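Next, two complexes with subunit A in common: one pairs it with subunit B, the other with subunit C.
Now for the complex of A and B:
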């Protein structure tokens, strides 16, 4: 003990040295450089469940886009072969001679393969959701940003919005589908003709909130043109809002398609879709459950995964979680 | 008398700014305000919160439109509708420094973009190399380091952020700067840093400032002339020493008496002078802005002016 104290006393002069007072040195920031997107992914991948859900989504996406490429789905291949109608997985495989992926989920009303059916249908639903979300989000965000910024446009658009928003969405879509037919692209048209309006309105409110913040006033004082104010001062602040919106929009189009096809005003019978399969399966789902539950499961899984991933990503894009 | 020879940079004539949500509810934030700012001087606007100081500053940069009156910059009208060329010119020459350095910097942009924003808008550089050179120079001038350019505003301290705001204005090579309470959001220990920078740039570049503040001790330190504003009306304009030695208007007196004295004994016994606007009887004798001489302007009616003259110059 005494030795230690002595040692310290001896070395006292060497323990402390004066630091020179340097103004520039005090300005230095020691913290590592901040990068927005790096932090987003760091927060996102910190959660183990996100890895799992992302893997599941990758598996689903791969199946949706690869299975139909390698295995052509033909809903009418066994239409003349009544033995194949409504067969359970075990029976279907026995009839076709041994185990095969194609019949591992049984066959449908017209002897179609359920396994091939669900992936081809899921691809249709996913494509529909992606295309509709892309169109509605792009149009909605751009128009919403201008709408929030321009007072003249605000007056006009509010009237347009109040009129169109009061027409029931389902009614509008069913009337449109009756008029222009029920193909894939006419369905996209029906979903996007007014679909952007709600997004646009939501965005207008967001833009209004941050439009008159002080840094935007500062940009005006510097003579920044409005397009650059929108792209540099407003949209970067809305990244997390955009991702949140996408997280709810994408699955909502899948459910919308399923719902509309289920009540009979969706895609036509020639386009395989999840809603269509569920509608066909529900007729006798107590007797032939294998034709009903697989498409329901895929639809539910897709919606839930997209929603969960979207929400996690939305949380990660919020810079308040980056600490 | 000498002042008449000096060049007037900015002149405000009978300015009114009215905010109205509807025709019935309108609020006159600035009421018949006139003053001139000379080249190279610091003109301060002092008043309590909500007195219209910031509104005047924002009317000059045309964020708030004028309801009546006019603003002239070097003899050219800049309020109301003006040509695009004049507009660009004024935007470049008149810059603003904001009160809250945290709110006035775009959090999602790097310091490089924030400082270059004006340069991009007016294309004030020959090539990319020239732009980087300009930005690095100005960032060094405000005492920051070029390595800060890739950083984001939230990584800086308040004083550093306000210096970024200053760099953003200075890089435009303005002639006139509106400093809207530039130090009221800063820690007391770093206020001097920003004030000294403002003074340095004024000396080097002959800038004129409109300094908006409510802290009289800082105003006394930085300004050449001071205007005291109350409820949208200017009540007194004078040179700094004149105003601090002979505060005449009762509102100015009440502001002066509110300056804290760093001595607890004196501070405890200090009598506060409370301003009561009802002491003015303007029902018959209408008030106006009157020059008392010695560059001292005061708002009052004839009876009050006589009284003020008596106090100031004796009988």
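Now for the complex of A and C:
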């Protein structure tokens, strides 16, 4: 066999060749390409349950934003028809003549359609949660980053925090609602005027932990300006913290609205919201269960989905899971 | 450590003051003050100027402003000059009449000018309430149409705060009762005929028994030093908040007792009166009262069989907290031990459910399950057996709380699990059980311990939603109801109460944590 392997038969390409000593080339480090956000989504979509939950959320979001567009919800459409008040699904459909999506969940205490009501209300609650979370997170994170970084600001803000954190939250909101009214935007204002403070405080602690790490210290010694230290050294490290925070904040505003409506300082009667529907339904929740459980179920479903999704995303944004 | 704690207490009091000031600013200057009259019967009965005068009187009583009536001013002036015969003096009658004239004629009066000049100089503003007659020329005044001249001065919030702080604690002295008939004034030890022990008894003080023993928890009671949290305006009209929340509720509980003057005789009566709470009666005594009481201390509060508002909330809260730690800690440890197994996953779903679902939703789920499956009473007042009424609220509070505790316990356990001491213990050959139950959990408990005082003291605040769903007569809804009823006194009282509790529990938590973990020290000596 040895004679078959001869120099002539071997392809030229397969032979070793001399490589010149290239200084530039030797400086390059060969490592697999790593893109942070690509890895985040790779890890996120690797879990099958995330697909399912994401699909469910998409379905809910579509319903919340499309159903009210096509089916106008009017809570007072049957005010004059007392016989439509508090009707069970079966009865309501019988009274309106056959099966309809509108009455498939029965009617409320003023003859309003529960089915249309929950989607319109859920849209209000979702919008409220999104807007409040966006405002509070943005203000909270920016101020929290500066608060954690600047020692002079820390001294002032700690005093401010200990005072405002001790004023009962319900008191603050209700006084604000009392003064500026209980419309949608005044409610947003009431929830955000001090809502950022808690986020800011949480974020300050996180920044404090990272601020004095060696790499940050080294960066400071090399003269990196503070805004760049915050944006390049500290904030990327906290991406997963931010997402975790978002995962708890977003559902918390839905719960908060439900809670405030229950104790009587929620949105005004003209704005349909989940909290108001639950509050109206709870009065006779054992006699007319169909007016109570659907809004509760939607609120619970929305908060659970947002929370679970947020937690999975937070896990995925942690670079340690990218291996 | 002592110095550090004192410093903390000092700063806590300071921040408490600022919080109260901020809340006073919110409720007294930003909200409409006239709403307190919506449910006031006296206000509804009065009309025209009398109603306005009543408003000023109430505002003064609740500390919004100070005002002086011209009538008082002129009376004082003429009493000084003529003594007791002032009311027949022409000048006094002139002053009285000129105020009742329509138009600006009253400004010509000498005393009116003095009044205006004196009070304008002191920063008061002058309010003239013109007399209201049936027609312009008519002599007769409309009901409540009497004319008034007032000097009014708004009170600054900071002065209100000062007054509030000054009057926060009050101690009864033997000169409290303003009754010239009472000559024998003392505070002394006496034998207490009701407890058969001794008591500190006062004469001239508002309460008769200042310090006494009885069979009710905590067995030693006092009426000597009072804490004045604030006075309710609308909901518990005129009542002191601390007594509203601590007085027992429920049905009257009569027992066989003897009236103070009848002790030693064989006259026994069934009465619910608690003779240890006797207070001085400034009016005239009836004949029966004269037989029953040796002195003018005749007003007693009645014993009731229910817990007080704060007691109800506290009992429910403390039992719930007990179950929270009883189940939450072991379950959290178990989840950490069986990390990533089915037990851990089930626990995570439990936690996620209670973290994300609105509390209102799951409380109603508990209510629905408890009432339909187990036949437990739904509304507190409807319970046939009183003790059963406590079950659903307690469960509704403890089950979600267990989830919250499990979450943190698991987190802290897992954080500790990769520590060197765990590896070392494992290398030493300790059993997993021993490592988890004694070594890891002890370290993981440190941050948990910090929250225990807060959890227990938090029970005094009550639970808003749970109590409202089950109609529990607790303190949970105190603040929200006060806000809805514009009961500003209660709002301020609640703020003081809640803030004090949260500050105290923070300090207690730190102290407890330092006791639990000897590595933690508050000394500023050494180190950075």
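Just so it is clear, the second predicted complex is superposed on the first by the 290 of 323 C-alpha atoms of A that agree within 3 Å, B and C clash if a C-alpha of one lies under 4 Å from a C-alpha of the other, contacts with A are read in each partner's own complex, and residues count from 1 in each chain.
The working rule: contacts are C-beta pairs under 8 Å (C-beta built on N, C-alpha and C of every residue); 3 or more make two chains touch, one makes a residue touch a chain.
Just so it is clear, the structure is predicted and the values come from calculations on it, not from any experiment.
Looking at the shared chain after the overlay, A:299 reaches subunit C, while subunit B stays out of its contact range.
More residues of subunit A lie in touch with C than with the remaining chain of the pair subunit B and subunit C.
When the shared chain is aligned, no partner comes close enough to touch A:321: not subunit B, not subunit C.
In the superposition on chain A, A:63 makes contact with neither subunit B nor subunit C.
Touch criterion met: A:213 reaches subunit B, while subunit C stays clear of it.
Look at A:31: by the touch rule set out above, it reaches subunit B but stays clear of subunit C.
Of the two partner chains placed around the shared chain by superposition, neither subunit B nor subunit C is touched by A:96.
Interface residues of subunit C, counted against subunit A in their complex, comprise 15-16, 18-19, 22-23, 26-27, 30-31, 352-353, 355-361, 364, 368, 371, 378, 464-465, 468-469, 477, 479-480, 483-484, 491, 494-495, 498-499, 502-503. Interface residues of subunit A facing subunit C in the complex, by the touch rule stated above, are 159, 162-163, 166-168, 170-172, 174-175, 178-179, 248, 251, 254-255, 258-259, 262-265, 278, 282, 285-286, 292, 296, 299-300, 303-304, 306-308, 311. Partner subunit B is touched in their complex by these residues of subunit A: 23-24, 27-29, 31, 33-34, 36, 213-215, 217-225, 228, 232-233, 236-237, 319. On the subunit B side of its complex with subunit A, the touching residues are 58, 61, 63, 88, 91-92, 95-96, 98-100, 103-109, 113, 117-118, 120-122, 143-145, 147-148, 150-152, 154-156, 160, 165, 168, 172.
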